[in-house]
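Below: one structure, written as structure tokens.
Lettered A, B, C, D and E in written order, each chain numbered from 1.
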Amino acid sequence: MRAFRALLKRDLGLGLRQGIDALVVVLFFLAAGALFPFALGPEPALLARIAAGIVMTMAALASLLSLDRLFTADYEDGSLDGLALSPLSLELVALAKVATHWLMTGLPLLAAAPVLGLLLNLAPGGYPILLLALVLVTPALSLLGGLGAALTLGARRGGLLLAFLILPLFIPILILGMGAVAAVAEGRSALGALELLVALDLGLLALVPWAMATALRQVLR
Amino acid sequence: MHRFANPGRFLRLANRIQPWLKALTVLGFIIGLYLALWGSPPDYQQGETVRIMYVHVPAAWMALFAYLLVGLASASSLIWRHPLADVAAEAMSPVGAAFTLIALITGSLWGKPMWGTYWVWDARLTSFLLLFFLYLGHMALLGAFDDRARGQRSAAVLAIVGLVNLPVIKFSVDWWNTLHQPASIVRMGGISIDSSMQWPLFAMAITFHLFMLAAVIERMRTLLLEARLRNQRLAAFERVGTQARASE
Amino acid sequence: MNPVTLKSPDQSLTASGIACRRSERMLFRELNFTLTPGQALMLRGPNGSGKSSLLRLLAGLLPMAEGALSWCGRPVDEDRAAYRADLAYLGHLDALKPQLLVRENLQFWADLIGATVPVDNALAKVGLAPCADFPAQHLSAGQRRRFGLARLLLKPVPIWLLDEPSTALDANGQKLALDLIARHRAAGGIAIISSHDDLAVGQVTTLQLGGAA
Amino acid sequence: MRAFRALLKRDLGLGLRQGIDALVVVLFFLAAGALFPFALGPEPALLARIAAGIVMTMAALASLLSLDRLFTADYEDGSLDGLALSPLSLELVALAKVATHWLMTGLPLLAAAPVLGLLLNLAPGGYPILLLALVLVTPALSLLGGLGAALTLGARRGGLLLAFLILPLFIPILILGMGAVAAVAEGRSALGALELLVALDLGLLALVPWAMATALRQVLR
Amino acid sequence: MNPVTLKSPDQSLTASGIACRRSERMLFRELNFTLTPGQALMLRGPNGSGKSSLLRLLAGLLPMAEGALSWCGRPVDEDRAAYRADLAYLGHLDALKPQLLVRENLQFWADLIGATVPVDNALAKVGLAPCADFPAQHLSAGQRRRFGLARLLLKPVPIWLLDEPSTALDANGQKLALDLIARHRAAGGIAIISSHDDLAVGQVTTLQLGGAA
């Protein structure tokens, strides 16, 4: 636990010191989302209809932005060797990295989502379920993203390849998230979709660290 | 040395069965295509375009089947370190991707007369497009590293994770469909199949299986021979290296 | 240096018939040695002969192509975690985060492995005390190497694997490195060291890799 | 010129070691675009209206994702020192990097844009103007992105602030591009927007290499 | 080594009163020297005394805090491009792209600076000919250093700035480096070298940086 906390603390410190990642993610999220009113023309009704979808898609895309560097720095400066030899198992190293990614992107996106919702004319009743869905969606995005980062560590064209690999895996998550939002909009119960999302999160939480550790073990050579 | 014993036996076996397999595949295509193009009646509704089905449906089946095999091969490579499993997965995924592409192209060509458009964001079509992306991701990852073993391991992990994704995509279909009114969906399963169409379809399906087997074995053979060549080249390097060192 | 004595009669490291493969090419095979507490093994050989590879292999960072390693009489594979906890590895790279202060950098490694020695002590021992509050970015080549040495001092462990520990060090630094190794051995530690210089580490076994240099 | 060509050749070679590397951008672009029918619903009419916007936004995202390593690798392995001491001026080094980036992302995106348009049901008449707009938009994205990469390279605070000025600059560019497409769709003339884009490209081309060289000089220390 | 002789009477490098500042801290000041063709300057000093900084400063990679540098009797600032074309710098880092073959790596630098010596010749001279077709990723520490030496050989230039050229090199490699330096000087070249070892480079001026080591 002490070792896990040390790693988390250092990575958060590095991220915050650089500052760029979290801010760029939020900025991209807002900027790209804000483009849609321009593309569609300012029809409030139409915007309101697609607002939740845009928020969620942009959250998924924005979380791709900072993934690339999740492991690269540690890989290139030899820290990964040290981590592999530490008492911390590689599974926990992977988990710490995923947690860092969520804290540095998922959390800020949650904070920024209402702002984008406002820009896009989201119906007032839509906020609670949108945020709830995002709370469940973003950890899954971070987990899958971490897996992609571990798989492509040291690959040529890392960032884009990674993004391409995990986008198909993002889709079911987005579908479920959207399902929850739409259910509420149509006055149905969102419970089914939310339950599935929770199940998905837990499944990924169990599976992904192991898969990431397997990938990282290949990197150490 | 047990590393090479197994591939060696595989190569001998492959050399023995490959001619038969190829001959059977050709024969299958002759019979299947004859039945599909001339031996079966046009559909009373769809007319001649129904003949696309004899390529489209088996190709779609093979695409799904091949991905399953890639996933299984990857799992056995990760768990049991079977020396041939990586080669099998690497050989399989381009073949599967090709089947996927064929199904996509024939499907959308069929869609134009049937639905009036080449593409709709129907759940099945989209999940199938994702399958294509998964194949491409697998191939891209295999080639993305300078160290081959590294690419194989990473691709294996991806293939397994993608495997989990397949039923999820299928499952989420319901969720998605109930959301928005689909534009114009023709239920694909809704076409009941007459026995006059059954036989050509079966023939084509069997032939596609044969074809896939032949193609995969051929690619595996190539990959193994390439690996052997690389080894020989490296050994030659090593000899040069030690000579250089000795002469210094 | 540290009051903890590492000596214990059965703490021996034995390699039997180990081989190393690097992308299909065998670098060496049939390597055998046994090291008992206080002993040191010096790896020598021309550039590219496999010294660094052997050290990574001993650290468990590189899979062994053949052979087996045992520690305290038991195969290492049986309990990797215990073996890992007993070794320290100093590689070519320094694992420094340029944005963090030198002290913060070391503190991280200390927290990670559960150090028993205060960070500032370790920095002082390698002569980095004046640089403790520099961003690591500003360290010179030799200062970076000293940081690597400081990592070794955070917790006494019985096995040291050192890849060219004296590169980039000035005369003082080299003396320091030798001194640290000597104390480590005196306390019953094992050291495996690769170097191109004739490090005066006292009595050692030498393992020559590769053809004649 | 020889030196410039050598750098361009090496960087392209690094980016395109294998056939599929060039495809990665395209695949990412298509996969990201394919998220939208899920999020927004599959209605052809709706998709058609925002198709151009999505194409442009995804082009910007692809640009951003592939920026990351533009200078870092050269900085970390000491190549940047060598480049600075070579007969090539740092301005030309910067220009070569931007050109590489455009060739590896802008150009493939141009080729892939019609495919994404097809998937998103873009109206047949919209293709020529979409491509024309992209031809003008992508170089500006590469230039600004290159500047951002140079500024944030090894930068402490100062560079970060500037980087934040750059990302928002993406927005006017995208708006101009989308404006041109919209104008044609509504039967108006797109000339104004296109002229502004050309002016912007030329201005950036004149200014950015110089600014990048200045930033790089700060890095070499 | 190369038939081109670099000697020319006025090719001298003069530093007058130069000083180096590293983030507010003066590393050294009032440094003066003049080097004429064939001469070498050996930089010595403890870790962190500013040897690497001085070399970067002489290469023009670091701005001078005070003082002036002149080459061939004219201030360097007057024509930086000409000065740059006359020097070669070997730093701590190797500028190798791991994905490219060793030969491709060297070919790039050759094209960039307009080499006059074929790439394969340069590789052969530093003993890397057998590795020419390896991806650079696979090079060992010493092989990487040899690659750095190969870059120096691509084009004969009068000024060599070498930062610890002999680190990580085996005995053979060190001999090679010394030999290259000797030939460079014999052809009328100037060499400024930092090192912690006692490199036997023949007659040299020594510049001691920092306090007593």
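Note that a contact is a pair of C-beta atoms (placed from the backbone, for glycine too) under 8 Å apart; a residue touches a chain by one contact, two chains touch by 3 or more.
Model, not experiment: these values are computed from the prediction.
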Distance in touch steps, counted as few as possible, from subunit D out to subunit E: 1
Which chains share more C-beta contacts than any other pair? A-D
Most distant chain from subunit E, judged by the mean position of its C-alpha atoms: B
Subunit A and subunit C: spacing of chain centres that average the CA atoms, whole Å: 38
Per the C-alpha centroid definition, the whole-Å distance linking subunit C and subunit E comes out as 31
Provide the C-alpha centroid distance between subunit B and subunit C, rounded to the nearest whole angstrom. 48
Where in subunit B do residues touch two or more of the other chains? 130, 133, 136-137, 140, 144, 146-147, 149, 176, 179-180, 237
Going by the contact rule already set, what residues in subunit A reach two or more other chains? 18, 156-157, 161, 164, 167-168, 171, 175, 178, 221
Per-residue overlap in subunit C, given as positions that touch at least 2 other chains: 23, 46, 92
Contact set on subunit C toward subunit E in their complex: 22-23, 45-49, 51-52, 92, 131, 138-143, 145-146, 164, 167-174, 196-197, 213
Contacts from subunit B onto subunit A in the complex sit at residues 78, 130, 133-134, 136-137, 140-141, 144-145, 147, 149-150, 153-154, 157-158, 160-162, 164-165, 168-169, 172, 175-176, 179-180
List the residues on subunit D that touch subunit E in their complex, please. 2-3, 5-7, 9-10, 13-14, 17, 73, 76-79, 81-89, 220-221
If you look only at subunit B, which of its residues touch subunit E in the complex? 146-147, 237, 240-241, 244, 248
Considering only the defined contacts, which subunit E positions touch subunit D in the complex? 56, 59-62, 81, 84-85, 87, 89, 91-97, 99-100, 104, 108-109, 111-114, 151
